[in-house]
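Below is the structure I would like to discuss, written out as structure tokens.
Chain lettering (A, B, C and D) follows the sequence in which the chains are written, and residue indices restart at 1 in each chain.
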Amino acid sequence: MSIQELCTVRDNRQLTGSVFALTLEAPRISSAAAPGQFVHIACGEARLLRRPISICQAHDGLLKLVFAAKGEGTQWLSRCSAGDVVDVLGPLGHGFDLSALGDRPVFIGGGIGVPPMLQTMQAARAAGAQPTAILGFRSRDAVILEDDFRAAGTVYIATDDGSYGIHGFVSDVLRAHIGAFTSVCCCGPKPMLRALAEIAQAAGIPCQVSMEERMGCGIGACLVCACALKAEDGAVRYGHVCKDGPVFYAEEVQW
Amino acid sequence: MSIQELCTVRDNRQLTGSVFALTLEAPRISSAAAPGQFVHIACGEARLLRRPISICQAHDGLLKLVFAAKGEGTQWLSRCSAGDVVDVLGPLGHGFDLSALGDRPVFIGGGIGVPPMLQTMQAARAAGAQPTAILGFRSRDAVILEDDFRAAGTVYIATDDGSYGIHGFVSDVLRAHIGAFTSVCCCGPKPMLRALAEIAQAAGIPCQVSMEERMGCGIGACLVCACALKAEDGAVRYGHVCKDGPVFYAEEVQW
Amino acid sequence: MADLRVNFCGVELKNPVTTASGTFGFGHEYGEFYDLGELGGIGVKGLTPEERLGNPAPRIAETPMGILNCVGLQNPGVDRFIEEQIPFLRQYDTRIIANVSGTTVEEYAGIVEKISDADVDLIEMNISCPNVKCGGLTFGTQPKMVEEVVSAAKRVAKKPLIVKLSPNVTDIAEIARAAVSAGADALSLINTLLGMRIDVESRRPILSNIMGGLSGPAVFPVAVRMVYQVHQAVDVPIIGMGGIRTGRDIVEMMLAGASAVAIGTACFADPMAPVRALHELEQFLDEHGIASVTELTGGLRI
Amino acid sequence: MADLRVNFCGVELKNPVTTASGTFGFGHEYGEFYDLGELGGIGVKGLTPEERLGNPAPRIAETPMGILNCVGLQNPGVDRFIEEQIPFLRQYDTRIIANVSGTTVEEYAGIVEKISDADVDLIEMNISCPNVKCGGLTFGTQPKMVEEVVSAAKRVAKKPLIVKLSPNVTDIAEIARAAVSAGADALSLINTLLGMRIDVESRRPILSNIMGGLSGPAVFPVAVRMVYQVHQAVDVPIIGMGGIRTGRDIVEMMLAGASAVAIGTACFADPMAPVRALHELEQFLDEHGIASVTELTGGLRI
């Protein structure tokens, strides 16, 4: 069920040079939100399209979103401050399937793909699993949400330049520890997801990936957010990230 | 000399249901402004065109504008509040010619044409004249700036419905008192200006009118703000409100 | 309370507000936000004789007050539409406008014939999709081809046939006349204007298909102009579309000559757009003492 | 620091940023805001053989991220331009692009011949003004007429001849080919798209001329598309215009195929637009290690 809610900004704080944590008062959306879902936010009257942002946390009537100020829309969002009102659609899409994680799932995020893994990991822990997180960042400056993840389980941090944590990619960390896990859930750049999916497949454990695509409606009506999936006959068919996803089982995806 | 200045809003207050008085910190524009000139204000990133607004008062580094919130742009402006920054071009155009007012000029404003007459009347008084104002409004609710005008000289107020002051039009008031004046300066709807110009002409006194037209550049480059003037051979030629005006001698105008 | 009903080619629309094909799926999604029965009609995603996959992503790019799309007519095919979607849509008290495309004259005639036998109210023939390479664009831009394809379709159409025009032409009135002389019962316009965006970092087109169709408020003045020109040129009713967001936009489009309107891209910004605009329209009519919305059509004063 | 110079038909522009005809008068007004010598060239208001009064007001209407205008080529006539304006413009270290129009083939040839003998650097022949009823629009939309008028002008032109194309056509590449085969040394595009707005209160068109030309950011994706199509179709340099506001917009237009650009409507929103965009362009080139701005032209990767 999609909800359109006018949300008052409770707080907007800068986590790194370009990453912001936005807390919205969103009683209706937050109470309906499931891990891995996203919201679609109107970013000022000068831009027609909403911006899709994953839900990082949803509780107590609040919605926490963590986003990078990249282009015009997210920059607009980064300038919102407490008391401002933003128009939010959500919760949207199809989040992580928590039913088949096993008792030692691993949650992997790369860069701005890290935030949606938090709520997911917390949910797994609440359901009794012993979750691990593998978080990848460009460098020490880019590390976000470390404490929140540590509170939810074991955490490995990898940086591309070695300035913090393990020097390397999240895929290196996964490969090194793959035997310890019962399933993989991940979000990040497509090449990273693909690499992780291959490792999981080789190890024979299920892997769920959260995909990104440019969106129009955000709810499944316009068909612009096509994601190439494997059709039954092995050919391509297009699913839609906003409705069928953003989370897919890796084996469904035509990489 | 046109100046582009980023002005901080000092104050924005509602005078009537739809009329606002906006005070801007505009040290450069205000010190260059002459009575009857206008500014061209950018009204938010969603609208391409600036809005022309007459200067109501300019002193001490401040610019006071009084405007009606009508369409999208002026509504945006009406929502600005102290501390906001607005992008202003000004002072623009060609104001009232104060050199030939005589010692008993009358300043006539109709509705939202009232504000620009204030600075003009004050300037005439400062130059030693004994100015009168005739201000016309729809009804009592619409009366603005009365005290400011009273401080500058004699004031007649007329309302269309008779709910305040004289019941009738500013043209009625002018006609009744025309013998008392040495010149007319006026701003308001075109039919009003035309009526006033005819009365002044019949009385043989000079009449200056402040015209309105839809604008692009506001500085004379795009030629969209055409105002039909009398060419020497009696035919029409187009002057431009933003540069040749907004103030014209009534006899120049092709009504 | 103004009378909002419009008689469109003999089909009564409860009000002139419909949805633009391709922006509204088959209604399920926006149906979560309001009762689809509030709308005058629902234009469904463009249908083709067989299922179409559409183009790869990215299929959308943002532009100033507009968007480009290159969906490429992804749809399940007309048969599955008839089987799976009509029963859903028929639950609502609204008109079904089936939007159909083909790549040859025969395909157009075939799909129009098939959809004629199904339980839809109006047939909108899209001869103007810029995202389908063979056929579509060419049909809509050449008067001769327009005549040929519309004649063939009209011969087999058992429901009112609306022909949807492309704005990517030198003379829209000429195309409109061709369609009407070939038997179009009504016209709808505009489809999207061909446009392009480039990502300056990668130096690649943003859209997978290089070019795509521009829609949204940016095109509104072009749409109003074309509706005006077409209304001057022909005598059939028009569904006006292209950038409509508000009730006042509807009024403007109807004054230019439209009998009904469609709202598309505005839904992406605001899912409530069609019903919000409808209520604004109603309010405008009441405030202006206009008894029937039909009084607006072609009410422009020159 | 990147090299910003562009050799345009043998004329060196110090940078690719020029101003769009009709939006910049003869330079006096914007010259109060910055040194006109900062620009690569100045496109002046469209000139006709005789003085033209233009259309009555209103001549402008706002649209979502665009404007409509119907100035109707108000100008003092080419003789007074030569006498009064060239001396002013020559004070600045920038190129003068004289924009000329006529209503017959003979008039076009006549004005091109006359301006050729004056001290201007480039001649831009506007065969596409939508606001002049006889001539203008028709010339620019029919390949045959384009060939005829361009041939006649080329025969007498002693300066590089840029032909300015109308976007209101079915196939811009066809028009571009006609102009080039008739001798155009360069092309500029796009002129304005025909549009219309109606005041819903008075039910009258906002513009005195009913319809007018759409410009500004709204048309940018259409302009990029047409520059791309024309760059694919012909081999002459292109001045790209239509909705450019920023340095990144310039990059996008050049990647599509433009050798230089013109900025028009953006000046109304920000009088500094051309110089601001130029500085942004310079910064983009430096940040991306691009040695010469000419590397951008046609640099789109498909």
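Quick note on the criterion: contacts are C-beta pairs under 8 Å (C-beta built on N, C-alpha and C of every residue); 3 or more make two chains touch, one makes a residue touch a chain.
Computed from a predicted structure; not experimentally measured.
**Q** Which chains contact both subunit C and subunit D?
**A** In this structure, no chain contacts subunit D and also subunit C.
**Q** In how few steps can one go from subunit A to subunit D if every step must land on a touching chain?
**A** Graph distance in the chain contact network comes out at 2.
**Q** Can you name the chain that lies farthest from subunit C, using the mean of each chain's Cα atoms as its centre?
**A** Farthest from subunit C by mean C-alpha position: B.
**Q** Where the centres are mean C-alpha positions, what is the separation of subunit A from subunit C, in Å?
**A** Roughly 36 Å separates the two chain centres.
**Q** Between subunit B and subunit C, what's the gap in Å when you average each chain's C-alpha atoms?
**A** Computed value for the inter-centroid distance: 46 Å.
**Q** Taking each chain's centre as its mean C-alpha position, how far apart are subunit A and subunit B in Å?
**A** From the centre of subunit A to the centre of subunit B is 56 Å.
**Q** Residues touching two or more other chains, restricted to subunit A: which are they?
**A** If we look for residues of subunit A contacting two or more partner chains, we find 46.
**Q** Where does subunit D touch two or more other chains at once, residue-wise?
**A** 61, 65-66, 216-217
**Q** Among line, ring, star, complete and other, which one matches the pattern of chain touches?
**A** ring
**Q** Mind giving me all the chain pairs that touch?
**A** Touching chain pairs, listed by label, come out as A-B, A-C, B-D, C-D.
**Q** Help me check something: in the complex, which residues belonging to subunit B touch subunit A?
**A** Spelled out, the residues of subunit B in touch with subunit A are 44-46.
**Q** Spell out the part of subunit D that touches subunit C in their complex, as residue ranges.
**A** Of all residues in subunit D, those touching subunit C are 61, 63-66, 68, 141, 168-171, 193-198, 200, 202-205, 210-211, 214, 216-222, 224-225, 228, 243, 248, 251-252, 255-256, 284, 299-302.
**Q** Hey, which residues of subunit C end up touching subunit A in the complex?
**A** Touch list, subunit C to subunit A: 22-25, 28-30, 32-33, 45, 53-62, 65-67, 69, 71, 74, 206, 216-217, 265, 267-272.
**Q** List the residues on subunit B that touch subunit D in their complex, please.
**A** Against subunit D, the touching part of subunit B is residues 1-2, 4, 42, 46-50, 87, 89, 213-228, 236-238, 243.
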